[in-house]
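Across the two complexes that follow, subunit A remains constant while its partner is subunit B and subsequently subunit C.
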Partner chain A sequence: MLQSIGGLTIAIFGAAFAAILSGMGSSKGVGIVGQAAAGVITEDPSKFGKVLILQILPGTQGLYGFLAAFLIMNNMSPDMTVMQGLGYFAAGLPIAVTGFYSALWQARVAASGCSVVAKNPDQSGKAIIFAAMVETYAVLALLITILLIGKVA
Partner chain B sequence: MKKRNVFKRKRDIDYTYAVARVRANEHSLLTAQDVEQLILAEDYNAVMRRLSDAGWGEFDGTTDYASYLENYFAKTWDLLNEIMDDIHELDFLLIKNDAQNLKGALKGIVSQHDTEGLYSKSTVYDTKAIVAAVEEREFDELPEFMIEPAKEAYEVLTSTANGQLADAIIDKATLEEISKLGKAAKNSKLTERMVATANIKAAVRCAKTNKTREFMERSLSECDTLSKEKLIETALEGPEAVLTYLESTNYKEAVEKIKESTSAFEKWCDDILMECVMEAKYTAFGIAPLIAYYIARDAEIKTVRIILSAKINNLSTDLIRERVRTLYV
Partner chain C sequence: MAILKMKRIEILAMLSDSKSIVDLVQQSQAVHVIDYTEESNNFYKFSTGAAVGQFDKFYNVTVSAREILNRYVPVKGGLIASFAPRPDLSVSDFHKKAQAADEILSKCYGINALYKEIQDCRVEIVRVETALEQMRPWENLDIPSSFKETASTAVFVGSMEGTLDREAILSKIAELGGDFDLDVKVTYSDKNLTCLVAICHKDDAKDVEQALRTIGYVAPSDPTKHEPKVRIARLEKEIEKCNEKIAENEEKIKTYAEFRDDIAFLEDYFVLRMDKYKALDKISMSNNIFVLRGYIPEPEVEPLQTKLEKLFDVAISVSDPDFENEDVPVALENGTIGRTMEPITEMYGTPTHDDVDPNTVMTWFYYLLFGFMLGDAGYGVIMLIVCLIVMFKYRLEPHKAKTVHYALLCSIGTIVWGALFNGWFGDLPMYIANGFNLEGVMNRTNLDFISANHLYWFLPLEHTTRFLLFAFFIGILHLGLGVAVSLYNKLRHKQILEALVQDFPNLLILAGVIPLINSQLGAGAFSENPPTKFIDDIITVASKPLYICLIAGFALVFVGPVILAIKDKKPFLKILGGFASGANDFYGAASGYIGDILSYARLLALGLCTGVIASVINQLAAMPGNPILFVIFAIFGHTINLGINLIGTYVHTNRLQYVEFFSKFYESGGLPFKPLNVKTKSFKFKEEI
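Take a look at the complex of A and B:
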């Protein structure tokens, strides 16, 4: 059955998954933190800069997914074998799945960080560090995706 | 009156915006240091000036601090009303005000006094509709939990003029409604404490005033952590028996406070509610921080009321300190 689908189509699915799942996670994550940030600046607009950094953080996973999809697309060719297509599909999975979950969890930490900014603005650096810790795993997943794409190519 | 579908389950992230607003507002809650400064303030006017400086509203030299504080507290409810999709999730905190209005309306029609202006503004149900239903004796138009107790209380008031029993009947129904709402909203720990402390207060009062079993049956409500039957049995024996029973329950700390003084016990009742919501300080999602904020403002208002009343009556600072509530921040 896979033969009839073809390697190129499977690779396209891999690129699409990487972009879609991490993008879903990021959009939801940025949305959650956005609500918390809006709550904070309704009461004190001067905290916009601090909460904006927190809101941006869960957005990076979407960017990583986009990058992974772009790399897979760059390596695609019409005469790809099914095994190569499966290889690219598998290579896209780390950032797709990890990107999705890490964006959601990072959003929760960042939204909690907005509460820190609201109550103790001078401690906002610590809140950003807590949220940034979650980023580690998205970066590791992106790294593995890039290395796997390199191997398949 | 139409019954609302209050408890449609929500996810904790649905409260993200509201929690952030509340966190930002927690800044303006009085701290222990602020309260200490109020206690040490020279007199009533000095306290009011400090409150005014802290943004509690302009002080115009009035001694009517009750409406001053009510206006300030109304801002808390306005904020919660603005930031929550469904304010009725907090009905269990407010429904006691509706019960208070029902009591006022019933006494108003029986005594034929004008009670306009005496009703609480922060309510779950429309006060005008409640008053109109009572005035027309159309008790079936009242919110469901009020219908039977209102009929019963009206009958008691018209046949025996026993205002105390009429109030107790409505209080009991209100506590049962609070308990029901709390369980439905998964806030049963808090509402259980509200109901249990009210039952303890009622049992001790009944024991001290030698009330009959029938009175107690009609005034104490069922709750999970205290046996209504045992409270009644011990209250019939006297206050000491009630305290002995409480020693064997989760509320043994109450015994010492009751022995100490009524104000110490009242403070303990408020403090255990505060203790219940204290962990919400470290919660970033869900409804808990919103409930905690309401309880925190309530405790703050009670503390300020105690200080103002003490300043008017020239009480010592030590006496005031004993009475101030545990604060959220």
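Take a look at the complex of A and C:
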């Protein structure tokens, strides 16, 4: 059955998954933090800059997924074998799944960070770092995805 | 790059001079005033809480007045204008303006009152609109809705739920089977509500009312005396009146715009007074004299002392603080470039007196990492241009100069890395060379000048592994610098053996990891073509000594605790226990450094992201095949890309500094030096005082 689908289509699915899942995670994450950030802004609009940084943090996973999809796309060719297609599909999985999950958790940390900004704006740097810690795992997943894409090619 | 030497200062003077002296200390901006409770009973405190509270209240009035004013008469401005210097103000002008404070304050109260009326009107409008909404269905009724009867008939005005017409209502009534005559007129009907007038003979009134109620008739809750139209007109007029009032008040508020500067001055004035009174609160005084205590950086002692002694009868004593038992604030002094890092360090925590001031040390790597992650020369050029415009347009004040210099250095780092990796708004030069023709770019018909002459180092997208390895090597250097600073700090405190067994082996390990990563992860990624081959050559030549370093490093980590235990002359069993802790350190060093180095993969992640998104933007912009549309779309897309990536880069550069770099040597947790100073927003004292 896989033969009839063809390697290219499977690789396309891989790229799509990487972009879709991490994008889903990021959009939900950015949304969660956005709500918390809006709450902070109603009290004190001058904190916009600080909460904006927090809000954008869970957005990077979406960019990573996009990057992975782009790299897979760069390597696509019509005469790809099924094994190559499956390889790209699997290579996209780390950033797809980890990106999705880490964006959600990063969003929770960042949303809590918003309350730090609200109550103690001097410490907002630390709140940002807490949220950035989660991102490490998205970065590592992207790293593996990129290395795997290199191996398949 | 240094932590300034702190001195403790005590100023003793006549009570009658207290306010003038505090004024002078405040303007010198040099003394961190502390609250010091006197042991002797002859001293007491001057409680200023009430005065501070009063100023706070006035301050809030002025702030809200200015905000209201800004809402109705917006100030023109933008990113660049926000760096404009504040106007100078001499002390005599300050006093002149301060005398008019009451007058301006009353204007502020005026603005607030006008705004309060506007808000009241808005509430009123909402209320009236609700009432109006309820009256709308009755608009076509040509009798008052309180109309009850004529000489021989009874009239029921009311409403029912749902959409009904005359026949439907009559048939519902007929179903109930009452013995009466009734006529119904439907005046209004929508999907929720039907308004009707029912009329019958007076004798049947009771039965009819009963029947109507049974089928869901409700009399109006607030019947009108006149035709509903009259009330609707009246309500509409009320809204109009409120709107007029709002417009009128807005006009009135706008006339206050000319006082905006005075109000801004007043805001600062109250902050000054508040700070001064808060400082007065910390002063202890007897019947005739007062004592002000605080900390002062050593270079500031001389000027302040001469100034005070010239103007007043004072006794000043300056002494060395006791760092063990006192919370001595920390002031930093750095050069123009090192200073740009101070806000970043402050966000993490102020150094203690035992720390090395990290600002200058971290500077170069900070801009290097920042540039690597943003990594697009085109974006760097945009940032550079903005910074240069600001710098040439205005004479910058120190704290704003810090920000602008920071951005300037970031932009230079970005340009350097961007140029090395051929990122100019992604691959914009290719589009220009091919006349914005997408096909031409895809087939690489015309190479642009930079690509044709290979004016770059290598392309990250084509050599991902090499890019990654390079990121790791930068990370190793960065970590190594962190360990080196820790080593230096230990040597400075004469902990030579600790430095040798704790920090030195880490340096060895970091050096030894380089060939390991190169062979395991990269497998000669640098060896492919000439521009990067030198890295591979160096590593190959040095690999043997570096591997020896690695082994020696781990061996030292393992025996380190034992050596320390022997040095401290611990009992024999404790020395043996050192091996266990050595094994633990061994594991910690191995896993910790792997994690730290891997963390620098974010250099690759963010670096690639900027470039790839920029290329996609170009691609999308070229799709319509029209140069003008290309420019419009590209400007829009690149602006967004720059914004998002700037924030991401800022956060992750900070993270690498805080988590990977600072953790190697930096304690933090010092008390920041917060002198009693002039915290004005809208003007600046001239340097005559």
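Assorted remarks:
Heads up, the rule we're going with is that the second predicted complex is superposed on the first by the 153 of 153 C-alpha atoms of A that agree within 3 Å, B and C clash if a C-alpha of one lies under 4 Å from a C-alpha of the other, contacts with A are read in each partner's own complex, and residues count from 1 in each chain.
As a working rule, a contact is a pair of C-beta atoms (placed from the backbone, for glycine too) under 8 Å apart; a residue touches a chain by one contact, two chains touch by 3 or more.
Because the structure is predicted, anything quoted here is derived from the model rather than measured.
Steric overlap between subunit B and subunit C is absent once the structures are superposed on subunit A; the two fit side by side. Of the two partner chains, subunit B is the only one that A:V40 touches; subunit C does not reach it.
In the superposition on chain A, contact of A:L140 is made with subunit C only, not with subunit B. Taking subunit A as the reference, the larger set of touched residues comes from C, when subunit B and subunit C are compared. By the document's definition of touching, of the two partners only subunit C reaches A:T60; subunit B does not. Judged by the touch definition given at the top, the superposed model places A:A111 against subunit B, while subunit C stays out of reach. When the shared chain is aligned, subunit C comes close enough to touch A:G125, but subunit B does not. For the three-chain arrangement built by superposition, the Cα-centre angle with subunit A at its corner and subunit B and subunit C at its ends equals 60°, in steps of 10. Shortest separation of subunit B and subunit C in the overlay equals 6 Å (C-alpha atoms, whole Å).
By the touch criterion given at the top, residues 13, 16-21, 23-27, 83, 284-285 of subunit B touch subunit A in their complex.
Within the complex formed with subunit C, the subunit A residues making contact are 52-53, 56-57, 59-60, 63-64, 66-67, 70-71, 74, 124-126, 128-129, 132-133, 135-136, 139-140, 142-143, 146-147, 150.
On the subunit C side of its complex with subunit A, the touching residues are 347-348, 461, 464-465, 468, 598-599, 601-602, 604-606, 608-609, 612-613, 616, 644, 647-648, 650-652, 654-655, 658-659. Across the complex, subunit A meets subunit B through its residues 32, 35-40, 42-44, 108, 111-112, 114-115, 118-119.
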